[in-house]
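Look at the two complexes coming up: subunit A is in both, with subunit B in one and subunit C in the other.
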Partner chain A sequence: MIPSITDWHSFFFYLFATVTCVFALAVLFATNIVRMAFYLIISLGASAGLFILAGAEFLGVMQLMIYVGGTLVLLVFGVMLTAQERFISMKTRGGEWVMAAIVGGALLVLLVQTAFSIDDWTAPRADLSAVSAIETQTATRLGLGLLGIRPDQAEEADPVLRQGMSGYLLLFEIVSVHLLVVLIGAAYLARSKRVTSLARAAEMRR
Partner chain B sequence: MFSDTTTVWVLWPEIALAALAVWIYVGNALFRPKPNTQTRLGWTTFAAAAVAFAGFALYWHQGGAVWRQSLVLEGHGPLAIDYFAYAMRTVALLAGFLLVLQASRAGENELVSEYLGTLLLAIVGVMLTASANELIFLFLGLEMLSIPTYVLLFLGRRDGATAEATIKYFFLSVASSAMLLYGFGFLYGMAGSTSLTEIRAALETSSAADGGLMTMAPLALILVFAGLGFRIAAAPFHFYAPDVYQGATHANASLLSILPKIAGVVVFVRLVGVTMPALGDFAWQLAIVLSILTMTIGNVSALWQTNLRRLMAYSSIAHSGYMLIGLAVALAASPAEAATGGLSSVILYLFVYVFATLGAFAAFTYLGAKDREVNRIDELAGVAKTRPVAAAIIAVCMFSLSGIPPLAGFWGKLALFGNAIRLATNTESATLQWWFIVLAVVGVLNAAVAAAYYLRIVGVMYFRTADTALPSQGGWGAWSAAAAAAAMVLAVGVLPGRLFDNAQRAELAVKGIALPEGLSQADAPTSLAK
Partner chain C sequence: MATAFLPVFLFVLAGLATSLGMLSMGWAFGPARKGRVKEMPYESGMDPIHDARRRFDVRFHLVAIAFVLFDVELLFLYPWAVANRHPEGIDAAVAKAGALNVDYSRMLVFGEVMVFLAILALGFVYVWRKGVFQWR
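The block that comes next holds the complex of A and B.
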């Protein structure tokens, strides 16, 4: 007895959604930092599955590459290398729970209320076969722009402007300046001890 | 989003400034000069010259064209090339020039090139934010400001309090950027485009009531408010400000109260005030509630502060509250109305606030020394006798911040409150009338409360005698920055017409409205009645 295709879609949706929510709660209630990071990896990985199911492949792949593959692995390594016994477990006090519940609850109410007030999302579409992936608004166009392909500007009539569709070169330049500043800050942090001892030595000589 | 040769051509002041900033980093490493006062002075001069050069580039290169017309080169992809962008870039450069001067002796000799280069890049960040008309570009501009700010805070001083302040600022700033991005994500999802012009068009064609994707617009607005509220230190995202200011040096505290404020207000004006005006009652009600909360919390908390930078932090919070009044006016006015004065009063107030705050902080920097800063208000006792000019500068800035008539701050407050009342009297809607009358009354009451703590500083300086003299080793750079800022405050106070005129032109330009005939000359006389 093999279920039909749509059932598989629902099956994976419920699977990924459950995994995302359960492990998000696990992050919340865990007290060990390393475990928290691991649960977060699973939660974010499952939400990448949700993105792909929703037809936002670019977003899903980015979620896997950037968050699961990059940021969180870095986080786990960072925690493993730096954590000492007294920092490894996090205790949350009662007052912090109350504050977090108020802020998080307000955001949750807002998000749920917004999601349910969009007509298309509350009832299944009657003409499911007529829905095509092209009309959905996903970040795929931005992703293509990243590679230098600009479908969003292809109909530009002005040939001079069309030549300028070089994707996000300027933005990459700006990001590279960001990274320069980050490197300088990191270098300063790493060498700060040496400078202090030099300065102290200079002061003692005086 | 296009980035063609025009984009590069328009951004050339920013590009030049970034290149010169990188040269400061590289040059100091190449020559390896002995870290002493001379090299420090040399690099400060170089950095100030770099900012001045970028200013001339901005003026000669685009100023001529932008000055005369409202809109030039419309529709060029990621950039908003209008008078508003031009004016805000100019303000960023002016403030940046004074910040460089102020830092001439504030930090350590070894790290002067890192400090100055990073400061220049932070200025570039504000300028990029001012020119952005596209979500990705806007966000990168804001980050170009935040990332150098973290480094600058670390470079300021080396002790536990600074490290704690920096870490606190870093984490909260990252969280606020995440909120802002979340909001941007909803905007992109609704409009299917990252261009602000197209987002505005999408928001105008369909409203929230018809159950479409536009239902998400209020959510996006709340998240954008949360992200930007952190930048301008508006309640309820203000709580970091007092601790961070207290832990920072005076030079860094002035940077924190100025550059993020300019960038935040610019984005508020362009993204909230211009791109999302069609959101209905919800938007201006949110702005009013936040405005009342922010100014009341700021002013009331400032009353019992004894630490100077903590007091200035609460003052900075309170001024954000005033600026939100103008935003509320702009959001509440019907979109059909061409210019409401709401946005122009925000722009005017921003200018007035920036220079009064900068002058005060630069004077505090001058009065202190590298290893002995002026921390408590009581330490200012008797400054009027020992350092009369510095005391006069601080007094001018404090009077202006509290809004006492012949100074710039008065005109700023007059424009804000005046526009709120004008909106209340011109509208038929009873709710609108009630809300804006309440807003104006709360604003005026707050201004009265604020006068108490600003005048207390003046009183301490003039009517109390000193136990010990202040070192006053902040350098001539800080002194001249303070004097220039105070001169600006005085000049605007005596002759506010030009500034009113320019602010109104910026508002018209940012809304994409052609200038009326009467405003086409740069030096047209302005009546206050508008």
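The block that comes next holds the complex of A and C.
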């Protein structure tokens, strides 16, 4: 028999949390850089599941598309383009372990302390059974914000104030211009490479 | 808490179980014969001409950057796509704007997104005509 839905939520939380932590540790202890990249994909993918469970579906999708899809492709390509003979094998030295433990431990202590200092987070919210992940609508609200509407500010009574809360349409279009710059920049890099190789070919002919 | 993503998560679980199950069944029950040809890397029937672990052409990096670029573009289209059909999405916003006597329509939203796409398409055409996508 299928357990009640509350159990499913906890089940998936523990599943994703465990997978995230285990594969994050695997990244730490692996020595082959390609395996590290693969473990990082799984760890980041599971943390995307955590974001979606928390009702932040846009953040979860962003995690999947940008980190799991994009950044790691660049990472693996970087390894493929620079690797000499064998893929790089990394060993962490003693001093680096100590340094990383201090920095990472300090951040962990800070985060745990902050998390436990928030009263709302120490117990389940009162209306837990009435909440569903789809009701948070973060993606819908974000989409409306990007298209020039702030649904959370529409109730603002003062029309002068309301004018300043018209969303982020300009930023949305500026993002497009930014991507255009990146596209042309990348193309320029690739082109200059070909020009130099052509110049080298001309030199060799001489 | 009724998670609307439960089917997705269950799908992920089923996919993992199926693939891991197939791999482990093959590993457990399959005959393990070894041979020189059988241990060769699979290259669609061709004999591999060298080791796979070598430096790749830097031009592959342009492909990777182009992928990330259009990945980010799609990411920004995702909230629009969700808001499009959501009951509290664009339709509700247009209705609210109409009640407040503000000029806002679905065509305007569509135009906004098309401007977003057109700016990138412009760059795409420019880069294409510059011959960047040619593999020379």
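Here, the second predicted complex is superposed on the first by the 126 of 206 C-alpha atoms of A that agree within 3 Å, B and C clash if a C-alpha of one lies under 4 Å from a C-alpha of the other, contacts with A are read in each partner's own complex, and residues count from 1 in each chain.
In this section, a residue touches a chain if its C-beta (ideal position, glycine included) is under 8 Å from a C-beta of that chain, and two chains touch if they have at least 3 such contacts.
None of these values were measured; they are calculated from a predicted model.
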item: Contacts of A:62 with subunit B and subunit C, given as first, second, both or neither; value: second
item: First, second, both or neither for A:73, with subunit B first and subunit C second; value: second
item: Which of subunit B and subunit C A:117 touches, first, second, both or neither; value: first
item: First, second, both or neither for A:170, with subunit B first and subunit C second; value: first
item: Of subunit C and subunit B, partner touching more subunit A residues; value: C
item: Contacts of A:49 with subunit B and subunit C, given as first, second, both or neither; value: second
item: Which of subunit B and subunit C A:142 touches, first, second, both or neither; value: both
item: Subunit B versus subunit C as contact partner of A:180, first or second or both or neither; value: both
item: Doubly contacted subunit A residues - partners subunit C and subunit B; value: 137, 139, 142, 145, 169, 175, 177, 180, 182, 184, 189
item: Contact set on subunit A toward subunit C in their complex; value: 5-6, 8-9, 12, 49, 52-53, 57-58, 61-62, 65-66, 69-71, 73-74, 77-78, 80-87, 128-129, 131-134, 137, 139-140, 142-149, 151, 154, 169, 172-173, 175-177, 179-180, 182-184, 186-187, 189-191, 193-194
item: Residues on subunit B engaged by subunit A in the complex (per definition of touch); value: 1-8, 11, 18, 22, 25, 77-78, 108, 110-111, 114, 117-118, 121, 124, 128, 136-137, 140-141, 143-144, 147-148, 150-151, 154-155, 158, 188-189, 192-194, 211-213, 215-216, 218-219, 222
item: Touching residues on subunit A, where the partner in the complex is subunit B; value: 110-111, 114, 117-120, 137, 139, 142, 145, 152-153, 160-161, 163-171, 174-175, 177-178, 180-182, 184-185, 188-189, 192, 195-196, 199
item: Of subunit C, residues touching subunit A in the complex; value: 1-6, 8-9, 12, 53-62, 64-69, 71-76, 78-84, 86, 88-90, 92-93, 96-97, 100, 104, 109, 112-113, 115-117, 119-120, 122-124, 126-127, 130, 132, 136
